[in-house]
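Labels run A, B and C following the written order; every chain starts at residue 1.
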Amino acid sequence: MVDNKASPVLQVKDLAVAYKIRGGEIEAVQDASFVIKRGEAYGIVGESGCGKSTVAWAVLNFLGANGYVKRGQIKFLGQELTQKSKSELRLLRGDQIAMVYQDPMQALNPSMRLGDQMKEVLTIHRGISDAEAEKRCAKMLERVYMPDPVNVMKRYPHQISGGQQQRVVIGMALLNNPALLIMDEPTTALDVTVEAAVLDLIAELRHEYDTAIMYITHNLGVVARVATRVGVMYAGEMVEQGTVEEIFKNPRHPYTQGLMRCVPKLGANKSESILYPIPGRVPPPGNRPAGCMFAPRCDYADNRCQEEHPALRALDNVNVRCHLAEEIDWRQWTPTEDVIAPPAVIAQAAADQPILEAKSLKTYYPVKGSSLKDVLGLGEKRFVKAVEDATFQIKRGKTLGVVGESGCGKSTLVKTIIGLEDSTGGDVKFLGFDITGNLSTRDEQVIKELQMVFQNPDSTMNPTYTVGQQIARPIRRFKTVPNDQVRAEVVNLLETMRLGANYFDRLPRQLSGGEKQRVGIARALASRPDLILCDEPVSALDVSVQAAVLNLLLEIQQKYDTTLVFIAHDLSVVRFFSDEIAVMYLGQIMEIGPAEAIYAPPYHPYTEALLSAVPVPDPTAKQKHIRLQGNVPSAINPPAGCRFHTRCPRRNLLPNGGKICQTEIPPWREPDDEHKIFCHLPTDTLTTFEPVISKEGNG
Amino acid sequence: MLVKDCMTRHPIIVPATMPVVKAQQIMADNKIRHLPVAGDGKRLLGLVTRQRLSLKTDTLGSLNLWDITRHLSNMTVKNVMLPSTKVQTITPERTIERAARIMADHKIGCLPVMENGGVVTGIITEIDLLNAFQEMLGLPVEGVRVTVRMPNRPGEFSKLMTALGDQNWGVMGIGTYPSPKADGFYDAVLKIRLVAAARVEDILNQIPDQEVIDIRNVA
Amino acid sequence: MEAMQSGLKLAAPPSRLRRMWKNISIIFDSRVGTIGMIMVLFWIVTALVSLFWTPYPPNATDFIQNTPPNIQNLLGTDQLGRDILSRLMQGTQVILLKTRLPWGKAILPGGVAIWGVLGSVTLGAVLGLNAGYRGGWTDQIIMQFLDALIAFPVIVLYLVVIAALGQGDLVVIVAITITGAPGVARLVRSLTLDIKTRDYIRAAETRAETIWYIMFKEILPNARGPLLVDSMLRVGYAIFAIGTLGFLGIGLPPPDPDWGNMVNEARRSIFANPLAVVWPSLAIASLVIGLNLFADGLREELSRYQK
């Protein structure tokens, strides 16, 4: 193709954005420059607090009352945006720039039918007739692969799932055929399978409509899949930019390199590879170093880096903001002593007694109906079958990873084990005690030995009490040490978590997300439990912090011989962290076995689909393209037979198009000693599945 | 090839209220010659071209130095644009030869591309058509460019194709037209990759009634 | 300069005193809040001063009746020839500073309005926490009962309480407590419903903490911000209620002057001396508005602060 169309849609040059605060102002963005051309997807990555979203808001002039563009230019289709009046900008936003946020409900009016909301975009100020608008909206919904568009348009936002809401929002954004589409973490709140479908959609739309896309995300895997070029932001500055292939193959800036080392590669495990967190944290705006922003956390920093602020400069095919970019060879990198030394994982020799054993564990929630019959208690009792027939065991000192999409019952499973929910049937034994009942029925000893780490760092700690008080509480409650030694014990725990004794008197709001999470772990550890249940402990954290927390968990597991149940939706993290993995779908364990067996054929068809959806942080990796159709069915009335049969892409491998899947509960196939797959397909067929991910060239 | 395949999507469009000076600046900065003017919902209101921006000599003569400055600074795009009723447009689904025809007939350099009855989705200019022309003849790729003359009757072209097919050659571009100054003949221009010119000449000259009239290696 | 230095020394946690000052000083960020605080402080200072000094004895009928304001009596005199300024000053005491107990001359520090609000907050918090945290039937019963209570007109409730218990400072406190509790309970319940979904409550539950520990140690402290704002507003309502009761003649018993009662008494000679009605009304209004503004400012700043 003759490339005359690659003229820039958006040019941002030397952008600085400041917010006025009491007693001065802070520069959230200090120096960002980039160009997005027609039909190009430009990914902006970086940890939270690096000013990614601020750049997007600056383009839209959504900086709020106290924010303003301090320096620099934002040129959209040749026109300077910073000098435009509010009304001109509004016109541009409506017609030529569209934005998609992380939370689709921010863009949808909950009290309006979806169809009406979409039509409004076209009918107001546009003079398009209602019937015409209706037709075009339906067509657009079809474009974004919404099943049954005409019906969906009659619904309210809350009646469709999150993934579908996001599709409606994307469709709405595209109705006016914008030249620029800004997406701020649009798939972060979605499940991997839905995310994969949305990312496919974005790539397709980009090709078809030549829309320029600015894609903000913290997820390197997503960037690798969606973007053509990437800009890495750190502390309000663009520190590196180049094509996605170049950045992933040969990152030049130490920060980019650090990010790459923080994320586990899909298929990596804890005994063979190590995660290296970036030491320290992102300096807050207003307290940024004078020299290179990254110097305090950089392994290579010398005097010049401390004093002289580097400029973004061209080096080979990339732009990089580093004095030493030529000299740094990232393959030669070795961890300095500051880095938390990752524990050598020793293969456990003894095949211990299982610490936890569950046999056909069931947890059902009663559903309250709203009909008169139900109110009078005459209606048939209905249940959400959140966990169905879960059978598994965990050996002492091992980690069981549980993966699955949201609503698959993994959280309920954990809640049942810890006793926040009553089990409905089956048998669970923990250290020989029966723990089918909830907490009030349990022995003090059992309660003490079972603790939990939570997902959300902002709600895991009580904002009223200091760190010390909160960690001390379980110690006092279970009297693990005499009263006069509590403080010493807390300090000991804090030090295990690599937090100093000076954290004792801090309040939660003075801590960063990673620190809060570490305190949460320390609190769970305080009663010296045998089993810790971790419900997505790292999914709300930035990658560098995530690596540090994972390393700490590994360390305490070694130190205290703790057993862990680890829930996560990130399949690379689960693979890295777990010894055994259970894949759940709609309350049912679909596949269970040693981690390495789960991630290689034979697969359960659902596992295969999950793996093919995972965004891999390597743009050159070849990934099989399997997308599940439709939605997860309701757990109140799960499909008969195999619960996965409504969406299974492999059903037709069975005779009769898999009729048996609709009627009969599948058998457990056991391709290996410990590896079990819940599927009608015979083991021989499952074994023939090709690996989902392969490297280009060398197979 | 249809208009939608070679038009420029998301062209720079300006509001009718923009001062002419600014429009001129945008054209200079972005090296473009045409600016569609659009209102709410990207509906076409008119078109500004370079010529439209040049002052008519009689107006110019009647103004003194101060008046010129004032005249220019007060003028908006609306004053100088060609109103939409007079703008020739096209839709994305039409062919590029149709676009070329309209442009040639009206001696104009660009056509705004309209969708949904008046919304500007793109613009197609003579440059786009020239690019399409190059692409059709496979220009950016290195190879052998050969012109074959054949009688104007059914079956001749298929002979040529069979010859190419037998050799398993990849054709990167093709164009046919009535031979200039030779009635009853057609010329076909082919771009063939990864082969020597002598070999091509050899093979094609073996086709009965056809003749290689020009052959060269081009990049 | 000082602010900058303290910013740099973030490593050492600030002392408790400084932290407290920082917490209080956020109110100055809000103009409305500052104005409100000044108005409230004015009345508190007035009350404190009146403990030791008023221009004249408040109950002495030493002057000509119904005089307009002059040098001698800055706000004029009432229909019995008492100095209005002295009476207004003294009137702040029962509201803000002291409660007269029915046993002899015993006095409880803290005014009727304050104790009344404390009472309703305590009762409301207990009910709201139980309803919100336990849910189910407990919730149903508590909330139905409170709804029934709210359905009564407030004045009727006051009258019922006073008819049952007779007049007196304590009775007014009880009346304020009973009428205020349902509102507090609703607030606390809704806060509890939100807070109980937080993970730290799950953590407490997995330690098998008692329900009372969870309610009062884990949930209640985190509801204190909105509860504080609500209490401020409630003190305003309570003052209003005391005024109303005083006006009806069933409020705080004599001999201490009571703003509502002052309005009521002056009403009879309103044409002769309209200002005698205006002053106590203004006093009630300014204190209530001050508390409202203060509460508004506090709410605004707290919500910003918590972000």
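FYI, a contact is a pair of C-beta atoms (placed from the backbone, for glycine too) under 8 Å apart; a residue touches a chain by one contact, two chains touch by 3 or more.
Quick caveat, the model's predicted, so the values are computed rather than measured.
Taken pairwise by the contact criterion, the protein chains link up end to end in a single open path, with no chain closing the loop. Comparing chain C-alpha centroids with the centroid of the full set of protein C-alpha atoms picks out A as the closest. Centre-to-centre, using mean CA coordinates, chain A is 48 Å away from chain C.
As a whole-number value, the distance joining the C-alpha centres of chain B and chain C reads 80 Å. Multi-chain contact residues of chain C, defined as those touching 2 or more other chains: none present. Residues of chain B in contact with at least two other chains: none. Touching chain A in their complex are the following residues of chain B: 8-15, 26, 29-30, 32, 38, 40-43, 115-116, 119, 121, 127-128, 131, 134-135, 139-140. Residues of chain C that touch chain A in their complex: 3, 7, 11-13, 29, 198-200, 202-203, 205-209, 218, 221-222.
Of all residues in chain A, only 1-2, 4-5, 7, 9, 38-39, 77-79, 88, 91, 94-96, 122, 125-128, 132, 136, 176-180, 209-212 touch chain B in the complex they form. Within the complex formed with chain C, the residues of chain A that make contact are 22-23, 287, 418-420, 439-440, 442, 444, 447, 450-452, 454-456, 459-465, 470, 473-474, 477-478, 502, 505-506, 510, 520, 523-524, 527.
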